[in-house]
Amino acid sequence: MLVLLILLPLVFGAVVLLRPNAEARRWALLGTTLCLVIGAFLLGRFFTSEGGPMKGVGSFEWFPALGLSLSVGVDSVAVLLIALTLLLGPICVGASWTAIPESRARLFFGWLLVLQAAMVGVFAARDLVMFYTCFEFTLLPMFVLINEFGSTNRHKAATKFFLYTFTGSIIALAGLVYTAWAVGTRAVGVDGFTMDIATLTEHASRVLSLREQGFVLAAMLCGFAVKVPLFPLHTWLPLAHTEAPTAGSVILAGVLLKLGTYGIYRFVLPFVPVAVYEHAPAIAVLAIIGIIYAGLICWVQTDVKKLVAYSSVSHLGFCVLGLFALNSPGLTGGVLYMINHGLSTGALFLLIGFMYERYHTRDMRQIGGLGAKMPVWSTFMVFFVMASVGLPGLNGFISEFLCTMGAFVSHTPWTAGEAAQVGATWGPLGPWFGFAAGTGVIVAAIYLLTMTAKMVWGTLREPPDHADHDDDGPHLPVDLTAREIMTLAPIAALCVVFGLFPTQTLIDAVRTDINDQVAFVHQRVEEAATSAGEHLAAAEQTRTEAPGSAGNPAETVEPGVTP
Amino acid sequence: MNTAIAELPINPLLLYVACVLGAIGVILAMPRKGVSPMVFGGLLAAAAGGLIVLGLTSHAERHAQTPSIFFYIFGLLALGAGLRMITHPKPVYAALYFILTIIASSGLYLLLSAEFMAFALIIIYAGAILITYLFVIMLATLPPSEDDMDALATYDASAREPIVATFAGFTLLAVLTTMLFRGTLSLPVRHGMDSSDAILSKLPGKVEDNLSASLHAAELMTPEEHIARQVDVGRVWIDSARRRVLVSRGENTAGPDQGELVRWVDVPAEMWPADMVGTNVEGVGLNLLADHPMTIEIAGVILLMAMLGATVLARKQVDLEEEAKARQARHLALDVVAEDVG
Amino acid sequence: MRMTTITEAIISAALAQHGSSGAGEAVAAHAAGVAEHAGAALTSVDGPMWLGLIPLLPLLGVVIIAILACFNDKSKLPAWISVGLIGVSFILTLVTYLGWDGHSVIHTRLWEWIGLSWGDHPGQTLSSGFAFYFDGLSLLWMLFVTGLAALIGLYASEYMEHDLGLGYCRFFAAFCLFVFSMSCLVMGDNLLMLFLGWEGVGLCSYLLIGYFYKKKTAVDAGMKAFIVNRVGDLGLLMGMLLTFTTFGTVEYDALFTQIHAGTTASGVPLADTWQVWAIPLLLMGGAFGKSAQMFFYVWLPDAMEGPTPVSALIHAATMVTAGVYLVARMMPLYTADPNHVALTAVTWGGTITAFWAATIAMAQYDIKRIMGYSTISQLGYMFAGLGVLATTGGVFHVFTHAFFKATLFLACGAVMHGFAGQLDMRKLSGLWKIPGFQITVIAMLIGCLNLSGFPFTGGYFSKDMIIAEAFVTPDSVIWGSSWAGWLLLLTAGLTAYYTFRVFFRVFVGPVVYEPGEDLHGDAEHFHPHGPKWAINLVLTLLAVGCIASAGLYFVGGEHGWTGGMVHASSAVVETGHGKHGLLFGKNPHEIMFYISAVFGFGGILLAAWFHGPVGLAGLLIGNRTKADVVRMDPIARAIRPISTWAEHKWYVDEFYHLVLVTPLKVFAYLFSWFDKLVVDGLVNLFGGMPKVGSDVIGETTQTGVLHDYAQRMIAGVAVVLVVVVLVVF
Amino acid sequence: MTDAVLMLAQADFPTPMGVLTLNHYLFVSTAMFALGLIGFMTRRNLIIMFLCTELMFQAAGLALIAFGRYHLNFDGQTFVIFILTIAAAEAAMALALVVLLFRRRESLDADLWAELKG
């Protein structure tokens, strides 16, 4: 029935494409709300019924010869992300009710539903092929959305977005297939080439030597880091966001960026834990640079959408930092970050979209001081700015705090007083990472408040030509309409609920899965360390045993697991 | 594997010098405007060719493997005509020289005891293909204007970058010959093979009819007997080494182990068909059909395609009025700034 | 809840505490070795659920006011709702206080806020519930927070009446949210709850400072406040995380039991870990950020842009004391450090800030700014008090300061309200003769007396306790505590001077006034209107409160009512020092009353001499006849550089701007340029390469001439063959 | 004169041919090939270029026959038959094309046709 969640949007997509333009919006809304309802029911059942983590697993033999089977299954992290996707569906349709010209409504809503199906497919995939096809398939609708419905130079942005992400994910595919091949051939008990995630997770880290794991890590990171976007590979995001339509931006920020982090959670950590443990500090440094670097850039941006885009680069730096802390607070923080960032940044984009619909400009020099003219819009704006700045009591804080804490407590022994660090858990990062991430919180406050100061507070500034071309588009009332408030209200409610009751709602949901994942990674790294230790001992032993055999230097022992 | 210079069929230095000489000769022989030392070039090239052939022969002399005298005649003829063909400004003469080359090479075929091919070459190649060439040359050369009878089309008058082309050609020649000469040394040495037996063994029917007629005539075989043959395997029991034949009474029985049904019959020397010699045509025919059936099919298809293509290309053009066609041609040919066309 | 009984150590310490004030006896007690480990392992009692109402009622208020705002209500309803609900919370706190048995901790737990566990070892569960921890300290704090909030809410109902409608709702929503956050901060039973309140009050101060969002200065001030607080919060966050790694928990009672036991969670004795001084220092950083001390004070003077009730409540009485509360609450940790690194830092941080702020206050002309700097200065006193282990003195000063500073601010507010926003000393004089301002002047006088430490006023007793303790604590325990004492005494004098400088220049003397800038009508026939009943009522109540606060010194145990409250909380500190410091050979506590009185009078006389009007009001020594000409002016011109620098707040703002803000901005522009050109440039470069490459190759090779292709083919073959011949054969 | 004829009719390979004689024939065929190549590159007349390709065919055929003779089997000769078919097919097509081109440009110059460029 998980497959139902994937097929339903496609069905409705088809219906939207067939029915005339006028009805496109209504069908899309019906489709997305239906998915949301069914999704809620199914995912609800996930938590109530007990049973193993991979519940709702159904697999459909697609190409048995190559061991390819489209199997669908979900664990608690995937459930939350699917829920987020389903929630954002109707909200996006609602948000673009008047923004999309009637004449091309079918194209827009059709592709939106296809995108929804692809995203659910990614999170529900239990084998590499399904994951990868859906992962790639999300690019196409997004490309169309940006290319057809974006603003000024949308074509350049769309192509850049597509090619950049596509090249990255191809390299990731290389890594994934190499792992599948390595497991297929070398792992004991695995007959032939298999793409099933569970078996790969089980065997990958034992089969791949450290050097191989390093390469596979690099390959997979190329693909997922582009999506996240991690520091040096982020330049496509601001461009894509400024040009995307409102719904496109919301989905892009809300879910598509999470594909990267979900990929890291699902593939990078379990498949190559030893290499991850080895290189976690380096990646964490990249994440921290991303946080502070993107944060400072936000401060001087004039285009408000570009500012929020860079802010998601900065925020997702936290998420990556949490994930690579390799301990329970870090991972929980990372997973929670995916959800909370989706909500708060999605809402910010909605707000900017509504403002854009009225003033058709995103340049903060032209527009500002909307507090007096649009009080409801400003209240929501301040509310969501506070959510994304990480104010305790709202959803941003819980994930930011856990990521920082994850980085802080995931420490390697660094001082004599280490023995006293009972609270510290095993992990590759350290308190200095926590501190650096902490400074990111200050930078976040700076740029978000500057934006609010320009947009909301201060005297009203309107673009010069605003007055005269008020008549052409559908004349929207000055402040938010009931429909627009309806799209923002659920997100605001969720922000407060996740802010005040994070444990009951989110942390309990993911607790078992996160603890298992951390234990798995920890056990595999220890195992590699011990076996490497044995090797060193063995090498040592041979060296001492045969001192006489001069000349042949003891071959350098690869400190990884020899296959 | 650089074999010792001694065994090489020709001293490489000699080969390369000759090639250079040949190249210079050919360059000189190229058609060019104004006075052209064609004749001198030709001679020089011939000298180079001769030099190489002499080198080869001197070496072959020591091993008594010199080809017959006709080789030299036909070889020289072929190369000379070939050179003349590529250097002659008039296309018709070039074609005729080519026919001369064909004749020379068919002579060489004869020396290599490939009679069928020699004559096929002359009939098909020289006769049909080159005549078509001549026909098209005649068709496609503009009638010479009255005042200058032997006016040459500009494009035939002078060669195009002869020096580069010739040197490329002769480096190719030098390299190919060196490779071939080194290569041939490693060829497996062929001992005499009674080629007729090889052919005869594949022509059971022919041998069998001949022998059975003569054996019946000499009553060495009773009328109801016949030469034993195994139809399923297609083998006829004729032992040409000891010149005897297995004769059997029964139906298509198996081999000599049929006991009373069969007996060996010695064939007297004079009755053994002396002229049972596989002629060249039979050999080629057998090889063609036995070993390369598929290739024949393909050859057929190629010819069909060629015919089809030729007919399509040559079908009557929609007759635009001349003037528009010419203008179009001019427009296409000259990248001149488009003057206002009509 | 674990039941921990009173340990013998506490009883013995209490006895020593209550010993007669004889010098010998005290010395013996003090000689009982270095400060015993504080750690009020009090009995813990499960409190009733309705305690949760105290913070949740204001939250309810916020929701109701938000709904009212949706209906664009123009009435004063939001004011009455918020005053009513906060009043109920005050009454509930009072009931809890009365029902409190004096030496136990009341625990209530509403729901689990952040509960994360990944194992069963002590350090592997982070649990922080939405729970409350009522001991003497938090009760005292809650009493004056809710009390003052209710009063100031009443005051604001009239003060903000020219903003009825959306503005009104927005003000009171933020006001109630502030009370909710402050109560979470104070009543929370773990550091995370404290952090929730901490950032919540930061948000409310941002919203309320930026209330007049039309004015750019207000918006910038709000942002500045939030960001500087955030810098402090980083210190607090790091301190909290380090506490978790060291003690494996963030909840107070688990924390205090471990500290009391003297070991970290893994059994390492606290004394020789580096965390024992690192955590307090980090927490101190957070506290200084919130309470505008040392380097972080720059946001408080700008926060005066907010409406006066906000300045009174948030930036004088309650929010800024959050830092003091944090240090007081974590006192066991501060005293656990054998060589008292953090305590010394707190002492000297407080003292230097006190002196520094006082010097600036002396040179300002905007009466609200002066009050802002005096708040910073008094907060310096409180921190100094905590630093020199006079927690009772510090907390008592917090209590009294809350009252008299609120009175001063509200009086200034009344003046501002009446004179259309006029705050400049040089344009106001002789308010006591203007009809309707009499109550304001009396309230102002009582406030000034308290602030300057006039004998037998609340401020006098609390300040003396701190300064006396500074001399009592030997230098060996807190380095240079006596020096700090002298500096504090000097600052007391300066405080008296600048307080009465305001009083003599504005509230007495010849009647001269000019309207402020937000004047609606024309300037000629402007006549100030006195405050109406709400403001006058609140001013009188607060004045009475100031006087009453003095009484608290006498009621209750040996150190007054606050001593009892502090004693029954984690902030209690056994002052068992080695050598009992002496001042002029006697016990500092007794003679301090006289010395500080001398400094107080000195300050007042100086103010009267320079700024006092002619006649009795100027204590017969003043000669001021006009509003803007005083005897101080020639002297100010004489010490030209100092006075101008002081007036410009020692150019600290400009310095910060130069050293922090501009370099950061330059970095930001640099990064954005780098990102656009280099990182993006590289991507575009790689993107563009195939196209350029194909163009170049295309032109040169594809000539279309048959011969060229033939030649290239043959050249290729030739090259290959040559290579084969040379290499292979 | 008769033995000349006999020598001519060495029809049925009685004696294997020596390697060195083979080399003679190979030299001749390579030379012919080189000449054809040079001709193709230097002449601008389309028909003559095709003729040169025919010459190259001939060279290949000669080499094949020589090797056939050396190895005493008939494959060489069968392949020359196929070379003939190819040459014939090529000739047909090429000449048709040449006629077409000539009709279009009234000239046989190869350099005129250079549109398929860059």
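For clarity, chains are labelled A, B, C and D in written order, and residue numbers in each chain start from 1.
Rule of thumb we're sticking to: contacts are C-beta pairs under 8 Å (C-beta built on N, C-alpha and C of every residue); 3 or more make two chains touch, one makes a residue touch a chain.
Here the structure is a predicted model, which is why all the values come from computation and not from measurement.
Looking at contacts between chains, the pair that accounts for the most C-beta pairs is B-D. Distance from the chain A centre to the chain C centre is 38 Å, each centre being the mean of its Cα atoms.
Chain centres here are Cα averages; for chain B and chain D they lie 7 Å apart.
One finds 107 Å separating the Cα centroids of chain B and chain C.
Here the spacing of chain A and chain D, counted between their Cα centres, is 69 Å.
Residue numbers of chain B whose C-beta contacts span two or more other chains: 160-161, 164-165, 168-169, 172, 176.
Multi-chain contact residues of chain A, defined as those touching 2 or more other chains: none present. Taken residue by residue, chain D touches two or more other chains at 37, 41, 44, 110-111, 115, whereas all remaining positions touch fewer. Shown are all chain pairs that touch, namely A-C, B-C, B-D, C-D. Those residues of chain C that touch chain B in the shared complex are 707, 711, 714-715, 717-718, 721-722, 724-725, 729. Per the touch definition, chain D reaches chain B in the complex via residues 7-28, 30-39, 41-45, 47-48, 50-52, 54-55, 58, 61-62, 65-66, 68-78, 80-82, 84-93, 95-100, 102-112, 115.
Of all residues in chain B, only 1-2, 160-161, 164-165, 168-169, 171-172, 175-176, 178-179, 182 touch chain C in the complex they form.
Chain contact summary for the complex, chain C toward chain D: residues 698-699, 702-707, 710-711, 714. Of all residues in chain D, only 37, 40-41, 44, 49, 110-111, 113-118 touch chain C in the complex they form.
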